[in-house]
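The following pair of complexes shares a single chain, subunit A, combined with subunit B in the former and subunit C in the latter.
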Partner chain A sequence: MSDTPPIVLEFDSVTKWYGSVAALLDVSFQVCTEVVGLVGKNGVGKSTLMKLAVGLLNPSQGAVRVCGSDATTREARARIGFCPDFDRLYEPLSGVKFVAWMLRYHGVAARAATMRAEEVLTELGLAEDMYRPIREYSKGMRQRVRLGQALAHRPQFVLLDEPMTGLDPVARAELADLIRGLPQRGVGVLVSSHVLHELEAVVDRVVLVHQGRLLADGKVEALRDQLPERPHRLRLKGARLRELASQLTNWPEVDGVSFLSDGLEVSLSGHGAFYQRFSDLAGDWQGGIHELIPLDDDLAAVFGYLVE
Partner chain B sequence: MTTTTNSAAGNSGLARAVPGLSVLATMLESARQTLVMLRYRRILWVAPIGLLLLFALAFVLAGTARSRSDGAHLYSVFAWWGLATVVMPWATLFLGVQAVHGELEDRTSQYLFLRPVHRVPLLLGKWLAIAAVSSALACCSAAALYVAVASREDLWPDGREPWLLVSFCIVLGLGATAYSAVAVFLAATFRRPLAWAAFFVVGLQMLAANLPVSAGLRQLTITDPLRRMTLDLIEPSRRLARALWPAERNEALSIENGTGAFLLEFGSPLCSLLILVVVCLTLGCWQYARTEYESRSRD
Partner chain C sequence: MSLAHHYRPLECERVSGFQRIWPLARQEMMALFRTKWGVALYFVCLLPSLGRLVLLLIMLGAVDLGSRSVAGRMPQAMDDMNPHRAAFYFEGSLSTMPGMIFFLLLTSVVVSRCVARDRATNALELYWTRGISPWGYVFGKWLGGFLLTASMTVGMPFLLWITGCLLAEDWSLMTDTFGQFAIGLFGIALMTAVWTAIGTLISAIAPNANLAMVAWSMLLVGSSAAGFVISQSLDESSLRSCLSFWDAGRVVVRSLADLPQRDVSLPGALLMLGSLFGGLLLFARRRMRVVEALQ
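Then we have the complex of A and B:
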């Protein structure tokens, strides 16, 4: 038996044309049983990519496969869960009825569908309100219903479009836990979000789309390391800043040091070597080093650098 | 949100995919869901009030018209000119457009398109539901009208004629079914289906009504076959035939004694209606079943 995780979504040299406009150009990537973030500005082909992934569009060239089947087939749709970003549901129905109705199309008997809908909405924290009409729901409750219909049929590939929208901080943290837990159940997840720090907290790797092309695919740290022309920047706070600055400027991996109102900003050419050396220095530093914050190692910074 | 249990999205690794519904089951489920959703449409809550108003209006008019018309004449004129040409078409088209186009406009149709079922039975199920509700509404209206006119005993010197009610129920039911198909086609195809519906009812049908009786364009309408069926069923007097088909006196008189409107042969009114329904549903389903079909790409 192979230990290779199963591929739940595969884009194979996918190009999508709208008339003479190319929305996506030769995009290839895979999603296994993991959480992958989809990042891109508005209008760069992200929506087209998501529609292709759930079989709502045909690729002009290439192939999109979900669990080995063409994404537009019934076999693929049985394995897809999609939580859209638009806030429309069947307003007069209760949350449980809406989810049960959607389950019916998966061949689930009426009673079993209702029970499963109750189960999944309870897990999503809607136990008390699931029998109320959806039109009375808050934004966060509606989001849970959308998530519920995406997860109720036990899909193998889940596409979440802005899933955190409308949720309060506690619910966001709980949803992040839920998303992080999905791969352990054999589910591959593609999450799209504009809130990059939240996305970074849940994803194993990211796929960056820009102007219809796949700009980058990998772990955030690895992507950051692939930008040698962009020196890493750090903010340091501690005692005896002038002495610290003069020492650091002598290190070969330090490109420059500048003074801030309450600390130092350090530019690095080789951050791996710097951290090794700095840990020794910080341990012995009289008065102590109080803070060391990487300023541009996060997803937002990497994304910004890549699209510039 | 409780995330301690492990079944929100499955607990068995790459779990067996749940199979989708069969074509027939999908159609019935779609019809059932559409019926439930139609229950919440405002137009259906207005319907009882409309029926009461219709009853009252017919009752009052029947009282003032007794010197000029008998009950059968009065009821037929009300049912044809009021229900069959105005209320039933517009109510059906409105309901149909709301049921299909409403979901496309607010994109809730995407929830359905992502299920492992064919889209054709989804749309056919909606058509079935719309046709059933519209037919029921039309028959209730015909019954309310009949009760109002029949309550004036002096208008029926030879006794009341319940067959009239049955005839109009048949005609209105067939008409509602055909208009539902038109509504489904327009809603699935165009971005502004009600404008196209107005063109169909007011433009195309009125144009066809002014063409010679032999004109082929008449076969593309619903009013023309329905009128022939009505005249065939109710066996009207000369006066009533002229009242129901004023522009075509000679034709009206010639079909007084029945023309086989319900024969299932090419060119008969029933066949024309059937062809119209099949063509509308085929075109509507063809649009709806396209992979790249969604509200923003239409029209």
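Then we have the complex of A and C:
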């Protein structure tokens, strides 16, 4: 048996035209049972990509498949869970009724739908509030209901559009845990968010879309390493900064060192070798090294470099 | 938050398309009753029928005001006020006042907002990633609105007629009125279906619920007013049913029930209803293009 995880979403050379305007051009990527972040500025084709992924649009060229089926077919839709970016649910309904109601559109009988809705909302931490009307819910509770309806029919591919919006820090952390746990249950997740640092904490890899094209696809660190023309920068704080600076400037993997008001900013050409060498130095450094912070290794920096 | 249970495909029975759409229709039908204002509005809309019920009780002597003899001696011109005539039971649903006004009150809150409300909140995308098609969704919305409206336009006349039959001295009221009443009631059901379909299509076209409500109200009242004014000024009464879809429906029902009408054009009325419905259907189809993949 092969260990390759199953592909739940596949974009195969997808192009989408709206009249003479190309919204997406030759986009190919796959989502297996993992969490993939979808990143892009507004108006670059992200919404079109999401609509194609859940079968709301037909590609002009290429194919979109969910678990091997064309995304627009009923077989595919039964495997898709969609958590859209809107806050207004059916206010007078209770959370459990709303989720059960959504399940019934998938062909689940009334009683089974209610039981499954209760089960999924309990799992999402709404056991005590699921029978209250949605109009009395907080934003976090509404988000759980939205997520509940996306997960209730046990889909294999889930698309989450801005799932963290409006949540307090505790609810964000809980939701992040939940999203990270989905691949262990055989679910592939595509998450779209503008909050890049939160997205980075959740995803296994990212797909960057810019001007209708797939700009990059991979793990954030791997993408960062593929930008050699952009030296890694890091900030150092510690004792005897002048001595440290003069020592670092002699290292071949260090491009330059500049002084900040309370530390050093170091530019690196080979950051792997630098970290290896620096760990030895830091252990022996009199007075100690107090802080070492990479300044441009995160998703926001990578995204910024790529779209420049 | 933790998903304690292992993920596994949800076991569910294969059900027909209608069984998937029915919850949507039921939800639409019951939405009005989820708020106290909705319940109040529904009972306000039943007032004309309740008025007729009081009249029926008086005319048939259940409430003794000495008017039992009046019902038997009413001139034919007052058929729609005579409980021994079929028109008494369904004419109220067809009249401009109060019929159209209370129809407008109910449908402007329920039918005209149904699709536009979901479009404004982006809920349409949520439905269309489910097992129902866009037109299945529109059908479900229409069905819910139709059933609720028909409970007023069809259900209340039926209840009135049953009450009349039970209160009458013998079964002659039932045997005399059954045929015409059944056809008239069928006609009203048909027209309620067409009118609510027009309202649902306007809702499918409008960008938001409030605009849909305004457009529906203006079309219903405006076309009726325009029909009246133009037909009066041109001294051509038959024009009224060609310009107002409410009056057109009324002409169709009265023709079906074989009730006397003067200066009306049945082909004009049918053409009016058909062209309005067809035109709105084309617009709605264009408006729902975002779901091109599902059509």
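Just a few scattered comments:
Here, the second predicted complex is superposed on the first by the 308 of 308 C-alpha atoms of A that agree within 3 Å, B and C clash if a C-alpha of one lies under 4 Å from a C-alpha of the other, contacts with A are read in each partner's own complex, and residues count from 1 in each chain.
What we mean here is this: contacts are C-beta pairs under 8 Å (C-beta built on N, C-alpha and C of every residue); 3 or more make two chains touch, one makes a residue touch a chain.
In this text, all values refer to a predicted model and were calculated from it rather than measured experimentally.
Taken together through their common subunit A, the two structures put subunit B and subunit C in a clash.
Using the contact criterion defined above for the overlaid structures, shared-chain residue A:175 touches subunit B and also reaches subunit C.
By the touch criterion stated above, A:6 is placed in contact with subunit B alone, subunit C being left untouched. Touch criterion not met for A:141: it reaches neither subunit B nor subunit C.
Of the two partner chains, subunit B and subunit C are each touched by A:123. Shared-chain residue A:105: touches subunit B and subunit C both.
By the touch criterion defined above, A:78 reaches both subunit B and subunit C.
Once the two complexes are overlaid on the shared chain, A:160 sits clear of subunit B and of subunit C alike.
Applying the stated touch rule to the two superposed structures, the overlap between the subunit B and subunit C interfaces on subunit A comprises residues 54-58, 72, 74, 77-78, 80, 82, 84, 86, 88-90, 92-93, 101-102, 104-108, 119, 123-125, 144, 149, 151, 153-154, 174-175, 177-178, 181-182, 185-187.
Subunit B makes touch with subunit A in their complex at residues 1-3, 5-15, 17-21, 26, 29, 33, 36-37, 40, 106-108, 110-118, 291-292, 294. Taken in their complex, subunit C has these residues touching subunit A: 1-10, 12-15, 19-20, 23-24, 27, 31, 34-35, 121-123, 125-132, 290-294.
Chain contact summary for the complex, subunit A toward subunit B: residues 6, 33, 54-58, 67, 72, 74-75, 77-82, 84, 86, 88-90, 92-93, 101-102, 104-108, 119-120, 122-125, 144, 149, 151, 153-156, 158, 171, 174-175, 177-178, 181-182, 184-187. Subunit A makes touch with subunit C in their complex at residues 51, 54-58, 71-72, 74, 77-78, 80, 82, 84-86, 88-90, 92-93, 101-102, 104-110, 112, 116, 119, 123-125, 144, 149, 151-154, 174-175, 177-178, 181-182, 185-187.
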